[in-house]
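In what follows, chain A forms one complex with chain B and a second complex with chain C.
And now, the complex of A and B:
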């Protein structure tokens, strides 16, 4: 079987080529284009040095955009993670009809982004949307949701709290791989459900949870494009002008291709910074032992 | 005993209801008559259900053109996705364990690259290649197996094919492609179904790529058509909800085929053939 490694690489080759051409080369091109005056319309970009960087430092829309993105990550990642992990653990145990409960939780994930966004335009409608009417049932006057900067951001997070299927399935599978004997032993020692969750399940799942948190940070920074584009288009008062929306505007609407490339690099740096903070916290709190 | 019952069934049922609620409101909203004033109280069941909104859809937009375009893209992209994911997953299976571990770490790292990071420059590459306003760029995610997640799913499933079987097939003179197609793939049919279903929901729902690359209206896929409908009739809720139901229904139907595997009591063993299912 000495030829096996070579064969393995042959099977991996198409994917490797696709990754190189569709991810690595474009990612590197960002760096090249960021120093030019390319508009996306002509064929010959000119090198302009740090002109785009100067523009970046003096851009108040970008400050709004950064604020919106960071607020969104700070709220959406914990909400989505707690939902995915909580529901995964709640519904992992076999029980009659268990699969149907899980199916119900997964269903919002299969709704196409646009359809979910259009649906939430209806759900968040201040006058006759179901959400305000539900609030009405408990005597609350309701919110104006997408018309107000803060509630608009909360509305987007609320919508993204539903499509959590990927993390949910990963937690289901990971929980299943934990050793049942440990739980029997813990029960014999008089460790109740809460103790089992705190002392066994969460520490054992820690690597998976860290991966999910990091993955969700990145997903959250980019998947908010469709909801923000369809629900609010960056309004009101730039409250939902998340970085991907701003990049889209620059590159595809305002012919600011080079400037968009530079903001893309900034988005990658922001993502890397947020993830670094997460990993530092993981180390500080000794989550991974 | 009562507490146990609450924990095992009542709480999960409540959670299930919360997550099913958006879909429910979508369907109920689509069944409202058009002229009726919007409801002022919560409407759990439609007052006078009618399919009028669905009949008006094809009158207001080229519904069937959009659906046919979407179907064409899905018919091309899903097989490509399954092919790339399964080839790559089988390649990982053949690597030595240390090399496999390194590659899997590499895939996990790839899972972390945001798509946004390559929007602009990937568009530029396709523009220079003259592929804008064709369906070629929509196949780009398929060539990347949609997500490293799907590759990992295959890699796990192929892990269940014993070394001895691979060796035996090789000794009998089968080429590696034959081993992959005739020996390995039949053992991971549940994984193929799961990957195909996840690929279908991705490509059917894909909004960003068509938005970036498709400019002529007659090439729009359905998600773009839905946005077009929203721009045209921003307050015609029964109509918009009917549009959403049509966008969602294929995904729900297809997903129900795969829930037996993905949401199994033990999903990892269900992916391999003959696992409890």
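And now, the complex of A and C:
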């Protein structure tokens, strides 16, 4: 009997070791470095107390960075969620050619994000990019996408609206697990497609949707590094200087390893704060039972 | 129109799902206020009949009349029918109250009125104290009552019950069966009750409809269907243990081209009778006993007797056949002669 848990632990051990070595220890070291003057090359970093924190409170670039990140998460999470849920529900029902559409939705997720970003350099090009061409068809003069602060941020969100495969697959699977009888019962009571979406599908999927929103918040605050690095490098006017970009700049460009470490902790706190707000709203609106 | 309220008429209903034919020309008329049970083995098309009446599926051929109206183009919620599903199909994210109010809210009944009606329906079915429970906090019997209450709130011309008792355990099924009958007596609303349980079909139905292979095999009052089965299928399906069917007649009296049938209760032990068989097993059921016997020509006959028959396996026994209770069927067609 007592061998069973032992076997389980034995199988878990490699993963536990990896988590400890690759995540837990670096995370703790990171906290330690945040209180030093480590540049990344210093042999013996000295403890400097709250000096880095004082610098943090007086850093106008950090304010830009926080604004950029919050703007991004506020727009990207809803856009990505609506896209994943909308497409998931639309394509959950078996219909001819459905598998091709489902594949098409998933495809951008398997493309490396650097490749996708390079593609979006072309998509967002103000002169020959297809997006402005499409806007031209409806008589709009188009935008200078990556040259203007607001449209640059929107451009990054647009790019990240495509790799939504994981959320899409989760919604697809969750929708298919719902009991079809419920929909028949609702139809008999006069509940049409919109009513069924509002009264059945969304409430029944609520636990999944909350999970996806939380996951996407964590993800979205971090994955904007690659598009920002390739598309804008934090510009224009720091509009896309998202926290991960700023951390990278501090750590690897400005030799501010310790300061960058401190900002990663800030990124974690921001993530926790946004998720807390979400969960409070979930509770306030009684989304979950 | 008002005369036809509660009348259901099905005319040569045919429905196939892919290559599987579920219904193959079903004609049936259900009278107003009647409780009809549809009985048949699984896959016989019973539930399909309900789905076509409710409008959840469309027939390939044939017509459905509800309340004297051809409902071919009428969407499900405009048909005056309420359906209770086998798994009850309660909305798991809503309380009992939410489940009952669902349809009323969709139909935009005013809140106070809806509350009053939901409470009345809950009280009628004895679930008024469960209004704040969620479906997964209730027993099968309680859920079944919620499903019935939800159907009541539709105030339909016809109730369609799809095996509503199948998921209940035996004692509860027995009690609920009586409740269903009482409810039907009180409401006098046309009810079509689908079941695969022949006992349920016999006890609940004013008339029994036996379905097999997507066709109606026989329609009639329960006792009549039992006493005069229209073919060998109905003879074998209704009654437990099933009727003894002997192709060619054999020891029941030779009749080439005919299959003779006799129910186990129409055979009796009688030392002076001509039919001699070997007793293979005795199933004592407490209030009665079932004897499994085999004749020398290999024919197996099941006999129902009183308890404690006083004979044991391996003994030779003689059986008396009640000649008035022997059924004759055409062996080729299976139909009653």
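Criterion: the second predicted complex is superposed on the first by the 287 of 289 C-alpha atoms of A that agree within 3 Å, B and C clash if a C-alpha of one lies under 4 Å from a C-alpha of the other, contacts with A are read in each partner's own complex, and residues count from 1 in each chain.
As a convention for this text, contacts are C-beta pairs under 8 Å (C-beta built on N, C-alpha and C of every residue); 3 or more make two chains touch, one makes a residue touch a chain.
Predicted model, so just to flag it, every value in this text is computed and none were measured.
Steric overlap between chain B and chain C is absent once the structures are superposed on chain A; the two fit side by side. Shared-chain residue A:36: touches no atom of chain B or chain C.
For the superposed model, the angle subtended at the Cα centre of chain A by chain B and chain C works out to 80 degrees in steps of 10. Touch criterion met: A:137 reaches chain B, while chain C stays clear of it.
Looking at the superposed arrangement, the partner reaching more residues of chain A, out of chain B and chain C, is B. In the superposed pair of complexes, A:191 makes contact with chain C only, with no contact to chain B.
In the superposition on chain A, A:199 contacts chain C only, with no contact to chain B.
By the touch criterion defined above, A:238 lies against neither chain B nor chain C after alignment on the C-alpha atoms of chain A. By the document's definition of touching, neither partner reaches A:224: not chain B, not chain C. When both complexes are overlaid on chain A, the residue A:181 reaches chain C alone and has no touch with chain B. Superposed on chain A, the gap between chain B and chain C at their nearest CA atoms measures out to 12 angstrom in whole units. No residue of chain A contacts both chain B in one complex and chain C in the other.
Considering their complex, residues 1, 4-5, 7-12, 14-15, 18-19, 21-23, 25-27, 29-30, 33, 40, 43, 87, 90-91, 93-95, 97-108, 110-116, 118-123, 127-128, 130, 133-134, 136-137, 162, 166, 169, 172-173, 176-177, 211, 214-215, 218-219, 221-222, 225-226, 230, 243-244, 247-248, 251-252, 257, 260-261, 264, 267-268, 271, 275 of chain A touch chain B.
Chain B meets chain A in the complex at residues 8-9, 11-13, 15-17, 19-23, 25-26, 29, 38-43, 84, 87-88, 90-96, 99, 103, 108, 110-125, 127-128, 140, 143-145, 149, 151, 167, 170, 176, 180, 201, 204-205, 207-208, 212, 223, 226-227, 230, 237, 240-241, 243-244, 247-248, 251-252, 254-256, 259-260, 262-268. Taken together, the chain A residues at the contact with chain C in this complex read 179, 181-182, 184-191, 195, 199-200, 203-204, 206, 289.
Residue ranges of chain C in contact with chain A, taken from their complex: 54-56, 75-78, 81-83, 85, 87, 89, 91-93, 102-103, 106-107, 134, 150, 154.
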